[in-house]
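Each of the next two complexes has chain A plus one other chain: chain B in the first, chain C in the second.
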Partner chain A sequence: MKINYLRAGARFKLTRSAGLFALAASIISGTAAAEETFKVGVVTFLSGGAAESFGVPAMNGGKMLIKMLNEGGKLPAPYDQKGFGGLTIEAIEVDEAGGATKQVQEFRNLVQREEVDTVLGYVSSGDCLAIPPVADELKAFTILYDCGTPRVFEEGEYEYVFRTASHAAMDNISLAKYLKSRGIKADSYAGINQDYAWGQDSWADFSAAMEQYLPDAEQKTSLFPKIYAGQYGTEISALMRERADVVHSSLWGGDLQALVLQAGPRGLFKKSQVVLAAGDHVIPQLGKKMPDGVIIGARGVNGLAAKPNGGELLETLWAAYEEEYGTFPVQAPFRMWQAMLGLKMAVEKAMAENGGKKPNDEELAAAMTGLEWEAPSGTIRMTLGKGHQAIQPNAIGRTQWDAEKNAMTLVDIEYYSAECVNPPDGIAAVEWIKQGLPGAVCE
Partner chain B sequence: MTNSRFFVPVCCVLIFAVLVGIGFIIPQWAMFLATMALAKGLVALGIVILMRAGLVSFGQGLYFCIGAYVSGLMANWTGITDIVLLSILGVLVSVILATICARLLSGYRGIFFAMLTLSLSMILYGALSKMSIIGGTDGLNVSAPTFLGYAPEGRALGFSLYFYTCLVSVIAGGLIRVYFNSERGLTALAIRDNELRVEYLGSSVKSAISSGYIMAAAVGGLGGVIAGLAIGHVDPEYAYWTTSGEFVFVAILSGFFSITAVFASSIVLEVVRSFSNLYFPNTWQLVLGVFLLIVILLLPNGLGSLFSKRRRKGGSE
Partner chain C sequence: MDLLAVILVDGLIYGAWLFIVSVGLTLTFGVLNILNMAHGGLYAIGAYTTATAVGIYFANGGDAFPLGSYAVMVFSALLVAVVLGPLLERGLLRHFYDRDHVVIVLVTYGIFLILEDVMKLIWGVTPLFVSEPYSLLGNVEMGPLFYVTYDFLVIGVAIFAGLAVWYVLNRTRQGKVVLAVIHDREMSRTMGVNVNKVFMVSFMAGVFLAALGGALTAPMISVSPGISVNVIILAFAVVIIGGLGSIEGAAIGALFVGIARAASVHMLPAAELFIIYLVMAAVLVFRPEGLFPKTEARKI
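Presenting the complex of A and B:
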């Protein structure tokens, strides 16, 4: 009896899931057959540690922008054309969780099985290193939208791969510049960064930049807790004991929230000037609990640092995002927007050249190389890595709670032009800093 | 028939012919999926070898990672890209390491064995993560392999990799089948039932477990070499416990009776994961979990119990 029951149950589950599957398939093929579309595989973290701070806000921002573009006429020129050059945009969402091995497989599936026109994605630098060789092998036009490692185009050269955001070197160069130009007391500095490539690279960049801008500053302890550690009691004690004037951190997401919440009551923010290389994205979650006077960057003129610049494009997207998701956009949606708007420009440029057909991968790559376009975060220029790696301006500011508006604001914002904080083409970022940033053009 | 000495070789040749035949018709993405599934199946096969002796290794990622890094570093440092040579090197390094570890591990059983294997692989993970000279946690890229002087590109490359993977999987599977049927291989089953009796009968349990562990390491290293070359990127994640967990998972899915079932489970798991990831981007883990739950509920002895009626009886074990 029991066996029969189980089998019946299984059959029921099977038929039901088959029905669901058929339904899902019909929905998917239904939209595809409707008209000519431009398929974009969007890959970002939908689960795991980087989902809340980077993946989900970016995906939300992306979905919202695609909806607005498909309706057409919602954004100011040159983005007023419907979809991508009249083609309706169709997004296929993929979760980035699961490591580089899985992502390479999913990438192949997107390109070969789903036949997407572009893959746009990747937050993790491991994924950003693993994907480009495969993209070139498959001759598939690919945009890396978020990851920070400079290694992608410093170590390799790719025909079909582009990154539409600056790599991470400018985050820490800007911080050191800010400390110097604002005359902040920095006789000594310490660091707390996660023990993996991002944290190690960030600390290396920051200490190299400090050597250049504030050579007298004494380097004190540098702590490397494990990623997703979440508990920083001993690290905070160590930092308090060091009494460094400046404490640098490139923590992000839940780790950064935990650090701020645990270090706040113990007075670390009062004893030392804390500088956060990528700190803006935890402000919506922390709100008032983010102390005043913390110096933060946003990996570009993103989020609160972009707001004072205004402009129709920014205001439109900002308002739409706030209305849709009930919070203001942080760096993640900004980078998604600049990638998608760049893609739109590239598609439309390629279509203008090929007579209005849907462009193929070669045409897209040719159009994207060296492209320049306006994003909510300023002008994005593909100048590095032979026209495959973007540079963009950056901004650093201080947090200040606005009790009247009941919202966090950024004050004392300094803006840096792209050429000021990004290396010229052909030199590795960390080398460039060590050589004293030759050729930097600052306004 | 099944007792004939020709049975295993004939089966191997047939399976190989079918696999290669399939390779001519399936699309490229499926070929890549199958290559990865077979490579991971090889590692799971190692766990199955140990499972027959009642042991589960939670650290086969160690050899998977060693194989991958040996091929990756060799390709980058010495320029050796020949897949056969890299496979031999990967297996060799795995076997040497396993011979050392086996001395320690063969004295432990149950959860102690599982945890020790796990810790060994996590040591490698930690060490590789710290070595920024070879990429740290971000890992390093591996160039495409060559096949005895043949350097294909595009679909030919995918097919060559698939062909090679099928070949080594079938050979490894065949050899392990022969081992399973041998006196020494059957000792493993006896160890599972009653270790003390095996010792009294004059067999050394320690040496049987050691040789099983070394064999498991060899196929693990082989799987790692293929996976690293197919993916084109290796990172310390290969040695992380979740990767090892995936292999245990395939082994549980397949059960320890059938070797074909190990590869079949690996393919099934990859297919389910691949499609659920695409059609349910926000809940794919849930879909995967439900699928496994169904399999475990309906086939407590694994997919292998579908292939053979003799084994289906053993359901109450």
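Presenting the complex of A and C:
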């Protein structure tokens, strides 16, 4: 028994030694692996109503860009270096569906369990308001890439959170400016927007901007159908009875597609000038079913509005996206691209300052604050929210079907500089509009 | 065209659509005593199947006879009913008939969730469009407004569907058998009625009506994930107003909701969502079992 006991003890010691060795080896190899890769948790809608319009195109664009960056040399300078500063980019995809509570849990999983180096995501404004406090609590470098609510940095201040796209106020400021500068008849205007924060805020911004640019325009009915309502027959009757010169809508996805399909045959687009705050993303699906002459924005010089600007970066990404997915990129992939390219610049800037090591969250936050970089949509500058919120140029144009190319185009495009349609730091967007947009610098 | 007339026309169009998407729900409850949460999913599958079938029809020379697309829509709804009806009723639901109502509600909710994922597996998340049938019949000018003739076709289908269900239940031998099963399953069984068959056929009819609602809606919308949720909420509101299990109730309930909603959109847009549930609450205050409650045979 004693011999057996000793043998058992020796076996235990041997096993323990081997275990410790394996553990040490795994820590060493784990550190080595972590040095080679930069893990990004990419969160966007992969299911639900916003998936098809925003989440899936953005994720597609993101995956394509990561592949190109990891191969290296596919994009023009300064994006020609492999990965992020030589680190291979590894993406962990997470579905944004399920609401803010679920997303906070997913965020904690990404940071604490998956140990990602950055979380990059969020289309829903509700998620964008829920995540930042948690990101700061965990000291986790986080990029909000898409959501529109201005409240994130107007009502809060965060150390580790950044938004790499303009907030939604510029959509409607630009629309009102466009109506005025193009001399479009706008003696009266009505609206149809979804009954939640996005729709209500869009209408408030548009109304406030109209009061500044076209103060004599009479505001008529404002309709707020439920999100995902799908049936707009009664609303279309109400809008047509009002006979407003301009009909404003910030509907998106399936709701916008349904509105266009139902309003087209009933003549709404002929009786009123329809303006769509962020309508470019339904053009690939609707194609010719989108009527001519609709005034469209894309929150940024994105999609069809970006194409005439050209440039090597844009052309490379555009061609690769078309080849990979068989359709042209709309606003969602553009916002994903500008977020990832901004992250690349921040990582490489931080690495240049720390001697080439993979940067930690504090170094990334320091590098990202006030950063400026070139994206396919133009120059992105982190100037609001004490260097945490981006501003970018915007564009508005009119739809026109090109029979020769068998494709929808945008014509009469007007471009607005970032300082023209975004508020200065320290003032809430809606207040800025109501005060008459003081300090706006328009070329 | 004055405001009242516009409200009535809009309310009638919306009410007709509501009736089609809710009559199957009330039929299923009336016969099988099942509150079918999967109704919205069956509606969505009807819409997807129609979008696919009509798309195939036009891609294969359907332009030569575009009116044939309406037959394709009805056939699509039938296909869904014939495939999914027996599968769900015989394969799953019949095992729960003796259980509590809550269990059956949970089972049908489970089916609803499964169907959501099945649709994504089959059709993905890219929306489908089949707007051809919507604009095929042209427009009707009513005063300063244009209405799409298709909307009036939906009213016609709703009236036909309602009358057909009423006629079959009340004026045919098979309908009387179904009514007998509704009133007393055990007695019907002892009288030689094949109750299982009645259940299966009735459930198939409910699935057909749900899928027909989806088929008729498909040309008006982009058929994409998530369309089932909104419908099930509205359908429940309608059948609760009308009284669970009552065809007449569903018709009156749909008309109430349609006109109240249209009046609200035109006159008080901010109350558009609230008004549907206000109508429901008002009806339930005075008639807790709805406008047309099921008459229960008193057993001694």
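Note that in this section the second predicted complex is superposed on the first by the 408 of 443 C-alpha atoms of A that agree within 3 Å, B and C clash if a C-alpha of one lies under 4 Å from a C-alpha of the other, contacts with A are read in each partner's own complex, and residues count from 1 in each chain.
The rule is short, and it goes like this: a contact is a pair of C-beta atoms (placed from the backbone, for glycine too) under 8 Å apart; a residue touches a chain by one contact, two chains touch by 3 or more.
Not measured: the values here are computed from a predicted model.
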{"item": "Partner chain in contact with A:371 - chain B first, chain C second, else both or neither", "value": "neither"}
{"item": "First, second, both or neither for A:195, with chain B first and chain C second", "value": "both"}
{"item": "Partner chain(s) touched by A:87 [first = chain B, second = chain C, both, neither]", "value": "neither"}
{"item": "Partner chain in contact with A:104 - chain B first, chain C second, else both or neither", "value": "first"}
{"item": "First, second, both or neither for A:305, with chain B first and chain C second", "value": "neither"}
{"item": "Partner chain(s) touched by A:47 [first = chain B, second = chain C, both, neither]", "value": "both"}
{"item": "First (chain B), second (chain C), both or neither touched by A:241", "value": "second"}
{"item": "Chain B and chain C contact sites that coincide on chain A, given as residue numbers", "value": "46-47, 195"}
{"item": "Chain C-facing residues of chain A, complex", "value": "46-49, 51-52, 56, 195, 221-226, 228-231, 233-235, 237-238, 240-241, 243, 253-254, 257-258, 261-262, 264-267, 285-286, 289"}
{"item": "In the complex, chain A residues that touch chain B", "value": "6-7, 10, 13, 21, 24, 28, 46-47, 92-95, 99-102, 104-106, 108-109, 111-114, 125-126, 129-130, 133-134, 137, 149, 151, 155-156, 195-197, 200"}
{"item": "Chain C - residues contacting chain A, complex", "value": "3, 6, 9-11, 13-14, 17, 120, 125-127, 129, 131, 134-135, 139, 144-148, 151, 217, 219-222, 224-227, 229-230, 261-262, 265-266, 269-270, 272-273"}
{"item": "Chain B - residues contacting chain A, complex", "value": "27-30, 32-33, 36, 129-130, 132, 135-141, 143-144, 153-154, 157, 227, 231-233, 235, 237-238, 240, 243, 270, 273-274, 277-279, 281-282, 284-285, 294, 297-298"}
